[in-house]
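First chain A sits with chain B, and in the next complex the same chain sits with chain C.
Our next item is the complex of A and B:
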């Protein structure tokens, strides 16, 4: 049977379907579209884009959405500087004072020169894996293992593992996202206000004589610091001195009097980077 | 009763040097009382027991010092009489800190009068027997330490038709179960009869690997008196045939489903040591206070099989066997394949310590690992049909979702993959830390789902 060329039929059918669907989509886009607040996109652009999750939301876009739609506070981003805050406050019409910058600190000072290791660990170079092998090779079962799990999860490269196997945070780079806090198998990392520079760099709950055997810079629970500072600024938890970061602590006496030098003043190398 | 031979049916597996001759012919001797016993409250799977004594208390041998805290938990008893020196934490072989009761023995070894034989052994029913097993604090003595009374009370919708008694002892170097079968076959047989009475299982299989002819002979002799569908299965020697799931497959041909338990295929497996402990508990009313431990190693002066009190520090075992030779490098709790390297000699014997292995510098070479060359040997060796190559790479990249989809949770850490890996990759360690991470994620997901309900 001669008739219409099958190629033409094919073209007509496919082309026709295409045009019909296109028209339907055009109509749908016109009437069924969801209007998204343009401010969400703008806020996402303003935010630093580190996607660290430190604000408690799943990345910067999610936080931007929460700011615009739910009126969440605009000063939750720890990576944002004054400039970002000013832009956000201008856009949202709310004023907010920047929350004090906070930084992470590793509460251990026992590197390989100061703290003993119990055995030679020859496994995967990861703190969580090392911690699971006989409780870790470090003599002190509370101290920093120094295999760099925290350093690897840090989105800004703020944690350095020193040549002597100890994790140290550079406050200028830290955005206090808390990723390192979650990954440390020994819960040694704490997020503190950046103005706080006096710290007890020890988390050992062992008794004094044991600490002394294991580490030169461990807290032996002598209570001298707790007695020589403002009431409650340093409290004793068993045989461990713990800084209460909610109370002011300024006196250098505690640093001078600490017999094992485990109370230190960290450098204030924070520059305003925003 | 008949003796049958069974070839290895399970996939994978390896043939390491067994080195059992070091201690195989050494009869079990009792180790003298140590100066100090540190009895951990976490010698079993599940919740640690909670101590029932305090500092300064006088305890008698067999007295309860830790009561089970939860459904999956086990009682702990004083291994000798003496004074409680402290109730605090000790580091266990796994490196975790567990609550423990430290006892200074008074040397009298006075037995608690509550530990006495039952008036009429035959009159006891299954429920009473399970109660006695629970009171004695018996756990799986093959290594996992699952509380036996929980295992012996399967839910009513599961029927157990076959009881397998595991005398394979496939782990190299260890001879504790072997010596027990050779020397105390009667106790094992009696224990088996108790378990059969509790379970009412129709069939009984006793599985022993063919590299233990003396044990096969001894068990054959005592089992001749057993009635019903009873077989002594002589297995072709292969590691890890003593593992529960592999053994079930080799003996019955049944495959335990992924994530399932032996009772899902109507089987229950008990170690020979557990059977003997059950007999001791039921016939004499004696709780689990000691066990047979193989102390071995090529460099050790005097490898031995010792009957030791739970809580004895490993240093005592070593000094009894001639002390640590100067070229010692690694001390392992358990066997070389699945044992845990120890950080200290002060760690104490627990209910699951089947051996203590000392390796010299020459034997414990530290390899450097390199990238996976995709040779597939680990896939061939894996008795669980997993792909350790893929898994280790997922876990190295911290891709826990993929690791879960590759069934990392089915890994039993037998070490076959790492044994054959030519790139010397730390496969087992990857699996171990990966399993912990994946299990935590699964738990979190389940909790979230439950909250959402």
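Our next item is the complex of A and C:
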């Protein structure tokens, strides 16, 4: 072997190994190839790419797959605008009207000015952690703790923690993905149709006198709103008034009648509440 | 019986005493890169175990039957990389077919096994220590097992650390590197167990 030029040996060895490996891979690729509908990739590109999971699938790519392969409705994406919908319907050859835009709302109005705190919490600035410490530092055991867990999981930065430690959603930015709903340890956040503007901003199940002691804008269960609105639009759940978002609520007289001002109208910005 | 003890010691030595990640500092890239979630860490470990075991077998044969007869031992690095890359591609193809979710989770770190120095390290050490074929395979498998052990332990620690509240200066990668250092120190405790 000494007579052979080392360059030739090198070429032969590396080239030979390369060709052998390449051939092996080519064979493997035949057996392991994945046939993918090219439309899946295209649909993934069309979708907003927020990967928020609001549609109920694991992400935009997963939803795109479901649209193409299983013929799932194309209007489930709450982050998609009309343009996205038009592109999708053109590609899939189906027409669909956009579902009504929905937004998240934090059903609590008790910031530090209006609701009392029981103790000074110095732990990790996270609602779930604060909630675990003696039920949270907030007097009301149902209200917003304001440590911003929801705001941190929000993929679009739509939730603001006000200077007075209360979470508020900016509807214009919200894509109704529901991430905040899952993370809130107090289950205060609800996804509602954007056309609904009258809300009971309280989730306290405490009885009236206790609520009054803890918060200036809590629902005391006086039932005035339930009696003065469209049939069944606001119902009493124990001592708490709850808006039934499935029924129309047109009268805003309830806002004036509410003795604690916990019923508010949200216009374009939920943060406008007084 | 002699044989069994010998192999046991070899495996113990490669997996614990001379752990590839924590004693020899090979394969640090995926060790830090995919140690965020246990699930991806386990997937990565399985991929590395497969690649390392197969690669040590094939590179041994390649060295013994091709490079040595041609007296072209100096080509070992580049030839080994070719073999390793092939196995990585094979893993990637099959993972894409059988577990697309894991494929997506591992992302760039899957093709990067190619440049995982632990894999090349196993192949080179096999040659250096003049292991037999069976010894090479056992060594490769045990080395990968050690890699998996280190990666999964570290991932478990990191998952816990993510939920705790370290001082701001230590958050993220900083505390992860310190943890890796401590873990490495802990594995130093195995030193001298097997020569």
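A few remarks follow.
Going forward, the second predicted complex is superposed on the first by the 243 of 274 C-alpha atoms of A that agree within 3 Å, B and C clash if a C-alpha of one lies under 4 Å from a C-alpha of the other, contacts with A are read in each partner's own complex, and residues count from 1 in each chain.
The rule we apply is simple: a contact is a pair of C-beta atoms (placed from the backbone, for glycine too) under 8 Å apart; a residue touches a chain by one contact, two chains touch by 3 or more.
Here the structure is a predicted model, which is why all the values come from computation and not from measurement.
Residue contacts after overlaying the shared chain place A:18 against chain C, while chain B stays out of touching range.
Of the two partner chains placed by the overlay, neither chain B nor chain C lies in contact with A:261.
When both complexes are overlaid on chain A, the residue A:89 reaches neither chain B nor chain C. When the two structures are aligned on the shared chain, A:32 is found in touch with chain C, with no touch to chain B.
Taking chain A as the reference, the larger set of touched residues comes from C, when chain B and chain C are compared. In the overlay built on the shared chain, the residue A:251 is in contact with neither chain B nor chain C. In the superposition on chain A, contact of A:124 is made with both chain B and chain C. In the superposed model, A:10 lies in contact with chain C only, and not with chain B. Within the superposed three-chain model, A:51 lies out of touch with both chain B and chain C [touch as defined at top]. Overlap of the chain B and chain C contact sets on chain A: residues 124. For chain C in complex with chain A, the residues that touch the partner chain are 62, 66-67, 69-72, 75, 78-79, 82-83, 85-86, 89-90, 93-94, 96-97, 100-101, 104, 165.
Those residues of chain A whose C-beta lies close enough to touch chain C in the complex are 1-2, 4, 6, 9-10, 12-14, 16-18, 21-22, 24-25, 28-29, 32-34, 58, 61, 124. Partner chain A is touched in their complex by these residues of chain B: 91, 93-97, 340-344, 366, 426, 429-430, 432-433, 436-437.
Of all residues in chain A, only 118-120, 122-124, 126, 128-129, 131-137, 141 touch chain B in the complex they form.
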